[in-house]
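Structures for review follow.
In what follows, chain A forms one complex with chain B and a second complex with chain C.
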Partner chain A sequence: MKQQHLIYLIAGIVVTVLFYIFRINAYESIYSVAGYSDQLYNLGLYDMIPLITIVVAWAMAAIYYFAINSVRFDRWYHWLVMLALTVMLAPIAGYMVNSSIFDENGLSYVAESLTFELVNMMWAALLFIVASFSMRWWSTNCRHTPIPQ
Partner chain B sequence: MKKIFYIIPLLVVAIALTMNSCSTSPLEKAIKQALVQQDTTQARFDSICAIIKAYPERYKTYLTDGGEVDVAALAELIESTGSNLRPPMHWDVTRYGLQQLSLTIYFERSGSMVPYDAPGGRGQLKKAVNDMINHFPATGNVAINIVNDGIYPYQGSIDQFLQDRNIYASTQGVGNAAFTDFQKIFNDILRVQTAGNVSVLVTDLIYSPADTRDVSVEKIFNEENSLATRIFRQYKGKSILVHQFMGDYQGKYYPYNNNPFNYTGQRPFYMLVIADSKVMDAMAADAAYAQLMSPAGVRNSYRFNQAEASVDYCVIPDWKDNAGRFRVDHHDATHLTKCEGDKTTGIICFSVAANLNGLQKPAAFLADASHYQLKSISGFTLKVQPIDHSMVTGNNRAYLEGKTHLLTLTGKLTEPRDEVTISLANEFPAWIEQSTAMSDTNPSQPGFATTTLGLKEFLGGIASAFGQGGNYTTIKLKLER
Partner chain C sequence: MRLFLLAIGGTGSRVLKSLLMLSAAGVRPVDEDGHPVPNLEIVPVIIDPHKSNEDLKRTEALLTNYRSIRNRLYGNEVNVDGFFANRIVTLREIMSDSTIQLNDTFIFNLSAVEREKFRDFIGYDTMNEANQALTSLLFADYQLENRMNIGFVGSPNIGSVALNEIKDSDEFKALANVFNAGDRIFFISSIFGGTGAAGFPIMVKNLRQASNLDINNRDVLRRAPIGGITVLPYFNIEHNDDHRIDKADFIVKTQSALYYYKETLTGSNDSELNAIFYVGDQEVSKPYAYDPGEHGQRNRAHLVELVAAMAPLKFAGIADSRLTDQNGYPMPTMAFEFGLEKDVRDVDFLAFGSSTRHLIYEPLVRFHLLFLFLRTGLRGMIGQGFTEDEPKLKSDFLTSQFYRTLTDQFMRGYVEWLSEMYDNNRSVQLFNMGENDMSNAIHHVHTRKSLLGRKTVDNNTFKAEMNRLSRDAKYSTRTAEYKLLDLFNRAATTIVRDRYENIN
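Take a look at the complex of A and B:
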């Protein structure tokens, strides 16, 4: 294991942890709307949705580099497909959790929830890139994807 | 490659540690849930207490030495948890810490009180006293005294008192009914009152010292004003709630000049509820004491020594009457940033939902905008509207639930920054002056049926003892362009 690769991994973890610590600022600096954002905060969704996004992004990167890990899928567009799946999957999961908890509490913010998940797509993409550059070095067949070393 | 599997858990551990540092204890979680779900009931409070008792070591800060939940400490935690929510939420749990109270009735038996319970009248006075006893939560902790020139314990049982159709006949001969020694009565009530006691004096509040023949009415007024101030100044921690009722009166009336006459008609009578201020606050917050705080048939009420209260309020970010734009600061719910007037009219309009229940004022008083004082550089105007259930929807529930009134502010923001102060002034009530007679020698004079001799002087004496004035509450909002 090269020391440089380890630094990439640690840096990726640090960025992810910082994202989680400053999750509320991260989301609200881009999208904050009266009422809806307060409910996200009060109902703990600012804890859950970012966590789901982190888990999905890192899991998808891990699947690509270590489970798929095949020369047949080592081109940049294969990685891009995984990125696309991540930016779809994380917001869908986030939306489902959001709407289910809002339903339980008798709240209805459909348009706001959808807009929020658009923002979440952006963070999911960013976290997938961070996860990819953190772990790709240990992949036997895809370490050169998306950008050759 | 395999080494990655040793490093990946690092991420998991890091996230877990982060989550752990951000997570709350089961107690705080339960409090937060109760506040967010607006389930601020006794049952929910009991379930929170159960969590504390289930983990006595972990939550020993919230337990007393006797192993009971320290309501004051828990109230602080609830307040700090609620203040971190958006909008900040409050839950007054002090009433749950109210120990079982006792009630002592002091039933005046002077000559001018007897006609209130004449057989031909409707008996409003006796009914009001009976209601107060019957609706007191701890019916076993009730004592009755007869008062006139002194305080004498009632010899019968509570049931006998309640069923007695002519209480003045059955208590005839108790004390000297010729005069009422307010100095002795109030001093004794206040001196013997224990922390958990609520005393209620049932009286016509007519100061009738012995031998007032040839004494000017002004002299009597000055005397009673000084007397009230002198007595109550010694008991700064007490609160006095004065209830005014109207009752049928059939019999001899004793005016200050000692020339009695027969009178048939209505006359006011009073119930003075006396308790420690903290007990009074807790009773006001507890529906179980509603009959004491706001009895059926009461005409007017006023509480002396009511401290300024902080009320629960929040700006409703999305409301039908809103005009222009603003943003509620996430760290300070009283701070509106990015305020902009409507593009065509330049007017900014926003509504504050407030819970004014704790102020112990009648609904009509709270709904009247003229009772509120509004200060702002921009000259905002205020509209007050009671909140009804039809206004509450899923999305605004967090803002409206538990609130009683909407305070709508309208104006043009003329300065980059403004501070709006809404206060509800605690003024000596007009009804006391309106219910005061300067002379009671002539029953045919206008207002005889609704006024009491020297009421303002006596109650004014109490007011000056407690240093009356100030506000019931103050709401402050900061506005910024």
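Take a look at the complex of A and C:
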């Protein structure tokens, strides 16, 4: 195990933890609406949705690098497909949790929720990239995907 | 240990070519405990006055390519495993004596012999009448008129005179200078032609009588372990009205030569030769074009040459204690023969006995799979997987001198060799010719069965295994060439054992 690769992994974990610590700033710096954002905060969705995004992003990266891990899927466009799936899955999961909890509380912010998930898409993509560059070095067949290094 | 390999005549060159193919595949001589012979360097010396012989030229080109490929892979390292494992050097390369001027070539310089007609060489015109009459009794007119740069056209009586001059040559002195205790000498020659049949016993005699020569290391050379393979008739030639070479003479010549060898070299009490190997085939080969030498002599490769190529490897692995006595003098001659396990016309790996299969099966299969991989797989893998690990294999690798020498020249020679052996009688069909599918590449050897049919082997199988090996390996101090061939060799070892039926 090369020291450099460990540094990448640690850096990835640190970035992800920092993202979670500063999650509210991260989301609200891009999208913040009075009312909707307050409800996200009050109902604990700022805890849950970023966590879901993190789990989905890291899980998808792990699936690609260690479960799929095939010479038939080792090109950059295969990785891009996984990225696309991640930016779809994380917001969908986020939206479902969001709407479920809002429904339980008799709230309705459909348009705001969709916009928020668009922002979440961006963070999901970023986290998938971070996760990829953290763990890919130990993949047998995909360690040089998407960018040979 | 250095093994000086003296390949005499056309058969010598062709056997050497087979040895090169085995060496490229990674076949190494093993000692009697099955361990690779350590510190082995092979010093081939081709002795043939017929320099325009196509077989000689093809072998020389392959030797040069082999050396260049191996140098790039391993530098001066001797004990290595894998493709091109045996270190092959020229006499010039290992010489330290700068007073002897030699070309850096594998070919023995016979310029004293090859320039003239035989009658000029022996000074026929300056002989007195009685000597001329005696000479005319011993040599036919066409033999006296024979230009020796086309060889001795099946006339050992010419060769025995001409090749006796070798002992005074710079090459012979160079060999004597670099020969050390522990080194060995091995001859490859045919018994039914001219050059080999004559050169072999003369050179053995000159080595054993080295104490009379003005050379260094005389005593060491005189006691040197010497082995030889004498190839008995195995090929046929087309009928021709010119009878300088006649197939009908092969058996008679062989019988005479065997009697002579028995009297002088290989008798039960003789110790001129430590080991003699016999190989031949009564199965008639496809007839070769009748060519006493004028048209270059290009003969198809043959099973017998492949078998003969294993003899020097066997000799290198014999323990010293079986070759020399306690005082360092040669022991009486040991004789070896070779037989197929199955007397078949179409020879595949299964036709060989188990010891031969153990020696050549896995290396040759690995090398053939390498050939297929380089031809069909590597180009598409550049930029992915193991090619991106240090040292990287970039696309310019495919245009490098090393890669072109390996694929355009050596591998082309390899395919030619396989095709020629296939297109001969006995037909050697180790691999399915023209088959690019790795799963079906080995003749009569299938991949193993699995739940979903037979296992497959393709370029991706190798890519995955090489990716795995490369991830955990350290090649940063090696060249990209070494990395590629070492990875492939290691991957192929696993894949051949795991995915193909075991025939060993």
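In this text, the second predicted complex is superposed on the first by the 149 of 149 C-alpha atoms of A that agree within 3 Å, B and C clash if a C-alpha of one lies under 4 Å from a C-alpha of the other, contacts with A are read in each partner's own complex, and residues count from 1 in each chain.
Here is the rule we go by: a residue touches a chain if its C-beta (ideal position, glycine included) is under 8 Å from a C-beta of that chain, and two chains touch if they have at least 3 such contacts.
Only a predicted model underlies this, so the values are computations on that prediction, with no experimental measurement involved.
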Clash-or-fit label for the pair chain B, chain C on chain A: fit
Touched partner set for A:Ala59, first chain B, second chain C, both or neither: neither
Contacts of A:Met48 with chain B and chain C, given as first, second, both or neither: neither
Contacts of A:Ile101 with chain B and chain C, given as first, second, both or neither: neither
Partner chain(s) touched by A:Arg75 [first = chain B, second = chain C, both, neither]: second
Chain A: partner with more touched residues, chain B or chain C: B
Contacts of A:Ala34 with chain B and chain C, given as first, second, both or neither: first
First (chain B), second (chain C), both or neither touched by A:Pro148: second
Chain B versus chain C as contact partner of A:Thr140, first or second or both or neither: both
First, second, both or neither for A:Ile129, with chain B first and chain C second: neither
Minimum C-alpha separation between chain B and chain C after superposing on chain A, in Å: 8
Overlap of chain C and chain B interfaces on chain A (superposed complexes): 138, 140
Interface residues, chain A side, partner chain B - complex: 1, 6, 9, 12-13, 16-17, 20-21, 28, 32, 34-35, 37-39, 41-43, 47, 51, 54, 58, 62, 66, 105-109, 135, 138-140
Residue numbers on chain A that touch chain C, as the complex places them: 70-72, 74-75, 138, 140-141, 143-145, 148-149
Chain A-facing residues of chain C, complex: 383-385, 388-389, 460, 463-464, 467-468, 471
Chain B to chain A touching residues, read off their complex: 1, 3-4, 7-8, 10-11, 14-15, 18-19, 22, 32, 36-37, 85-87, 317-318, 327-328, 330, 394-399
